[in-house]
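Have a look at these structures, which come just after this line.
Shared chain: chain A. Partners: chain B in the first complex, chain C in the second.
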Partner chain A sequence: MQEKANSTILEVVQLTKVFCDFWRRPKVRAVDGLNLSVRRGEIFGLLGPNGSGKSTTIKLLLGLLHPTEGSIRLMEGRPGDVAVHRRIGYLPEVSHLYRYLTPRETLLFYGRLFDLSARERRARTDQLLEMTGLTAAADRAVGEFSKGMARRLGLAQALLNAPELLILDEPTSGLDPMGCRQVKEMLRALADQGTTILLTSHLLADVEHICDRVVIMYNGKPRAAGNLRDLLATPDRMTLDLPVLDAATTRRLLQTIRETCDCEAELSRPSMNLEEFFVRVVREATNGASAAPEAATPRMAAFLEK
Partner chain B sequence: MYNRIFGIAGLMFRQAVRSRFVVSLFCLLLTVLVGFTLTIQGDGTASGRLQVLLSYAMGAVGSVLGMATLWLACGSLATEIESRRIHLVVVKPVRVIELWLGKWMGILAVVLLQLVAAGLFMWAAARIGEHRTVAGTPDGIAVREEVLVAREWVEGRRLGPPGDRPVRWSLSCPELPEGATGMATLSYRFLSAWRDQPPVIGHWMLRGEDGRIWFESDCTANQDGVNRLKIPLAQLRGGEPVELLFEERPNAAGQVTGATFHPEREVELLVPTGGFGANLMRALLLLFCHVALLAALGVTAGTLFTFPVAVFASLALVVATLLAQFFVFSTAPERVAHEHHHGGEEGPSWIERVGAHASETVRMAMAPTLRYRVGLRLAEGRRIPWREVQAAAAVLILGYGGVLCLAGCLVLRRREWALPV
Partner chain C sequence: MFRLRQAVALAGLTALEALRQPVCLLLILVSSTLTALLPFLILHRFGEDGKLVRDSAFALHAVFGVFVAGYAATTALSRELESGTALVVLSKPVSRDCFFLSKFVGVVGVVGVFSLCAGLTTLLAERVAERFVNRDGVAGFVTDGQTGALLIAVMVAACVVGAVVNYKRQRPFGSVTTTALLGGLLLCVVLASCFDRTGQWAPFATRLDWRLVPVSVLITLGLVVMSSLAMTLSTVVGMVPTLASCSAVFALGMMSDYLFGLHATESLWAGLLYSAVPNWQHFWVCDQLNAGGSITGGYMGLAALYALVYASALLCLGTVLFRQKDV
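== the complex of A and B ==
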C-alpha cells in the first residue's frame, strides 16, 4: 500500500509538441521539453498563463495529440491504450457534450462506453447527478444548459468510472463560487481516498489550497516546479494571529516587539476574502428558502468512496 | 464490445431522430410515394399502372434513401470530429472499429426503419390495386399473374440456323413448387417497326426430350408488344429440358406475315414460384445492401474529410462509378491503342492513356457494386432469388463495406483527434 502510494502514475520525459501547418512547416512550439512525474494519490497542478501549453500537454497525455518528441508513460501503458483509458477520467477545457441528450442519457451513454452493467450505470448516473446538483435538470436537453451546468455534467462524466487518474482541464472555469468550492472540496476528498488528480488552471486562488505539487509553464516550457508549500513559503516573515485588542494594548505590544527584536512590525486587520463572503451570503439565502438545486450541499457519490 | 457498439449505434439513431432527420426523411418518402400513387396512370390498365407504380416507387425509395443516408453517414463522424465531441468518446476505452461499426449500425437502423415503412406502403398499395380489379377479368388476371407474383424465368436458346422452320428453342423448365396448380406464361415478342400490322397466326408446341408433347396450342399474336401464352403448370415437368417449337400458319386471307422474333428475349417461360410479399421483401433487402454500402462509404469519407468535403467526395465516387460504365466505350485502353494504330502518326497523349486506365480501373473496381440491382424485376413479377440477396450482402456489405471499414479504422487510428481537419 505504502509502496503503491509512492509510485509514479505518470511519467513525462522531454515532451515536445510542435504544431505544423498544411505543408508541415513548424508553426507553434506549444510544449517544449516538459518533464513531469506525478505520484499516486497527489493533486498535481499544471499552471500557466493563456497559451502556455497546458491544454496541449493534457491532450498529449490522452492521446488526442501525438508528441513530436519525448515519451509519456501512463499507468504502465501509453496514451491511447484502451486499458489505460479504462482507468482515467477526463474533463476537457470546454465540455463538448451531445446537445440532443439529457444529462441522464449522457451519463448512461458514457457508462456504456465503460462497459458498466445496466444496473451499475443507472446507479452511478443517479449518484453523480445528485452529487453535481443536476438532479432537477436531469431530463432537460443539454443543449439548453448554462455553461456552469454543462461543466458540472462534464465533471460527472469524468467520474463515471471511479478513475484512478483524473485529468481536469480548468475544472472550475464557468462555475459559480459555490460550485468552485464544492469542486475543490470534492477533489480534496477524492485525493484523500487515493485518486490521483492532474489539473490545469490559471486561477491561482483555485489551486492554491488543494494542489500538492505544481509546475508553472510559460511558452511551453516549465519555469518553476515543486511542492506548493515550499514554493509559497516566505522564510523571512511570519504572522501573529490574535483577537482584536484595544488600542492601548496594541500600541504597547508593537512597542515591545520593536524593542526586543529590533525589526519592523506592522498591524493589519484580516478581512474575509470575497469568496468566503459570497459563500456565506448564498448559504444564508438558501437556509430560508428551498435550496437552489445547483447550490445544494454535495454528497460524495457512494461508488467513489473507498 | 457489443455494449459499446450498440451504445454508439443507439446514440447515432437517437441523434438522427432528435435532429428531425428521421421524420423529415419519412415525410419526404411518404410524399413521393403518395404522389406517385395519386398521379401515375400507366397504360390505362390496372396492371400497367401497378407496374409503373412499383418500379417508380423502388427507384425513388432507393435514390432518396441512398442520398439521405450518404448525407447522414458523411456527417456522422465528420461533425463529431469538427465539434470535438469525439474527444470525450475516444478517451473512453473505445476501439476505433467499435466507433466505426457503432456509427454505421446506427445509420442502418434509421435506414431499416424507413425501408420497412416504405415496404409496408408499397405492399398496401399493391394489395389495394389488386382489390380494385375483379378476379377473372383480363385486367384482374394480369394483376394477379403478371405483377403480384414471383416467377422464375428461363430464356429459350435458339436451335438451328436462322430461317429454319419451325423455329426451335431449347430451354430447361424451372423447378416447380410442390402441387402447383396455377399457370405458367410463355412470353414472346416479334420484331416490328410499324404499328397495326396484321396479327401472326401460329402454333406453339412444347416437346420433352423423350419426344412426348407436353403442351400445344394455336395462337393469334400481335406484332408489337409482348404476347403471352398461358400454360397450366400441371402440364410442365420441373427441372427437365424441353424443346419449344413455333410454326406460323396462314391467316384467313391465306397469307403468312413472316414475322421474325425480337432478338432480345425472343421467348421466355415464366413459372410462378412464390408470392409478391416475399419478393418485395427481397427487393427491399437488395436495396438495403446498397444503402448499407453507401452508409459505409459516408462514414469512411467522414473520417478523412470535413462534412461538406466528405459529401462531395463520396458523391463524386458514386457518380464516377455510374459514369465509368458509359465512359468505357470512349476511353477503354485497348480502344485508345486501337485508334492510335489506325489513326495515323499521332499516338494517344499520356493524358488520354491515364484517363483511359483510370476510368477502366474505376469501372473494374466498382462493377460488382452494380450487379445486384432490383431493376424492373419486382414490377414484372420476376423472382428475386434469396441466393442473390445473400450474394449482395456478402459482396456489398462484407466485401466492399469491410474494405471501407478497414480503411476508415486505419485513418482513425492514425488520426490526431485534437487537430483541426
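== the complex of A and C ==
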C-alpha cells in the first residue's frame, strides 16, 4: 500500500514539442527537454508565465498533441490510451463546453463516454451539480453561462469519473475569490483522499497554498523544480511568533536579541492576505450561511469520498 | 459494446448540437418553404407544372443539402477543434477513430432529417401543382390549393410551436421547430393521402406520386458522400474552405459525365478525374421520372453501393488524417 502511495504515476523524459507551419517548417519550440515525475497522491504544480509551454505539456500528456521527441509514461500506459483516459479527469484552460446543451445534458453525455450506468450517471450528475452550485441553472443552455459558471461546470465534468489523476489547467481562472477558495479546499480534500493532482497556474498564491511540488517553466524549458517548502525557504532568516506585547517589553526583547546574537532583528505585525480578508468579509455578510451558491462551502460529492 | 454506446452518444450529440443551431434550421426552413411555394411561383406552365415542381424541388434538395452536409460536418469537426470541445471529449476514454466516425454518423443523421423534410415537402408540393382533372363534374386544370395551404400552415405552425416552447420551457428553438416541422409534414402527407385534389375522400396512398421517394433517397445518398467529403476536409481546413470545396465538387460531379466522361477513354487525366470526382449524375434521376419511368430496386442498390464505396474511401482517408492531427 505504502509502495503504491510512493509510486510514480507520471514520468516524462526529455519531452520536446516543436510546432511547424503549413509547409512543415519548424515554427515554435513550445516544450524543450522537459523531465518530470509525479508521485501518487501529491499535488504537483506546473508553473510559468504565458507561453512557457504549460498547456502544451498537458496536451502532450493527454495524447492530444504528438511529441516531437521524448517519452511519456502515464499510469503504466501511454498518452492517448483509452484505458488510461478512463482514470483521468481533465479541465482545460478554458472550459470548452457545448453551447446548446444544458449542464445536466453535458454531464450525462460525458457520463455516457465513461460508460456509467444510467442510474449512476444521474446520481453523479445531481451530486456534481449540487457540489458546484449549479443545481438552479441545471436546465439552462451553457451558452448563456458566465465564465465562472462555465468553469464550475468544467470542473464537474473533470470529476465525473472520480479520477485517480486530475489534470487541471488554470483551475481557478475566471472564479471569484470565494470560488477560488472552494476549489482549493476541494483539491486539498481530494489529494487527502489519494487523488493525484497536476495543475498549472500563474496565480502563484493559489499554487503556494495547495501544491506539494512544482516545476517552473520558461520558454519551454524547466528552470526550477522541487519541493515547494524547500524552494521557498530562506535558510538564513527565521521568524519568532509571539502574541502582541507592550512597547517596553518589545524594546527589551529586541535589545536582548541584538546583544546576544550580534545580528539585526526586526519587528513586524503579521497581516492576513487579501483573499483571507475577502472571504471573512463575505462570510460575515452572509452570517456564515450559504446565502448564495458561491458562498457555500463545497460539499464533496459522495462518489469522490473514497 | 462500450464503443458502440460511446459512438451512439457522440453521434446523437453531434446531430443534436447541429439541429439546435439557427443556421441548420434556416437552411431546412428556407428549402422547405421555397419548395412549398414552387407550385404558386411557377408561371410558365404549359401543362408541365408537375415536372417543373419536381425538378426545382429536387434541385433545392440537392443544393441546400450540400450546404447542410458541409455546415454540419464543419460544425461537428473543424469548429469543435477550434472551440476546444473536441479536446475535452478526446481527453475521455474515446479513441480518435471512434470520435471521427461517430461524428460522421451524427452528420448523416442531420442530413437525414433535412432530406426527410425536403422529401416530404417535395411529395406534397408535387401534389399541389396544377393538373388536368376530369372527374365528378370537375373538368379543367386544378391547383390543389387545400394541400398547398396546409403545407404553408405547417411551416408557420412549426415556427409558432418552436417559439412557444422556447418561451415557456426554454427549450432550443432550432431543434423544437425542426421536430414540429417533421411531425407536421408527416401529418400533412397522411391527410393528403386521404383526400383527392378536389377535396373528396379517396382511398389511402393513391393521391401522392410515390415514385418521388426513391429519387429523394438517391439525392440523400449523394449527400452522404458529400458529408464524408466535408468531414475529411474538415480534418485539415476550416469551415469556409470546406464549404467552398464541397460546392465545387458538387458542381463538378453534376457535370462529370460531360467534363471528364466524354474524354475518359482518350485522356489519362480525364479518366482519373472521372473516377475521382463523385458522379452526381448517378444520384440525379429526375429525367427518368419525367419520361414516365420509375427507379428500379437494382439501380437503387447499385447507387447505394457506389455511395458506400466512395464514402468509405473518403472516411478512411479522413480517419488517417485525424489520427495524425494535433488537437
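FYI, the second predicted complex is superposed on the first by the 303 of 306 C-alpha atoms of A that agree within 3 Å, B and C clash if a C-alpha of one lies under 4 Å from a C-alpha of the other, contacts with A are read in each partner's own complex, and residues count from 1 in each chain.
Here, contacts are C-beta pairs under 8 Å (C-beta built on N, C-alpha and C of every residue); 3 or more make two chains touch, one makes a residue touch a chain.
What you are looking at is a predicted structure, and each value in this text was computed from that prediction instead of being measured.
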item: Joint occupancy of chain A by chain B and chain C, clash or fit; value: clash
item: Contacts of A:Leu97 with chain B and chain C, given as first, second, both or neither; value: both
item: First (chain B), second (chain C), both or neither touched by A:His66; value: both
item: Touched partner set for A:Arg140, first chain B, second chain C, both or neither; value: second
item: Partner chain(s) touched by A:Val279 [first = chain B, second = chain C, both, neither]; value: neither
item: Set of chain A residues, in rising order, touched by both chain B and chain C; value: 19, 59, 62-66, 82-83, 85-86, 88, 90, 92, 94, 96-98, 100-101, 109-110, 112-115, 157
item: Residue ranges of chain A touching chain B (in the complex, touch as defined); value: 19, 59, 62-66, 82-83, 85-86, 88, 90, 92, 94, 96-98, 100-101, 105, 109-110, 112-115, 157
item: Interfacial residue positions of chain C with respect to chain A in the complex; value: 2, 5-6, 9-10, 13, 16-17, 20-21, 83-85, 87-96, 170, 172, 174, 324, 326-327
item: Touch list for chain A against partner chain C, complex; value: 19, 59, 62-66, 80, 82-83, 85-86, 88, 90, 92, 94, 96-98, 100-101, 109-110, 112-115, 139-141, 157
item: Chain B - residues contacting chain A, complex; value: 3-4, 6-8, 10-11, 14-15, 18-19, 83-85, 87-95, 416-419
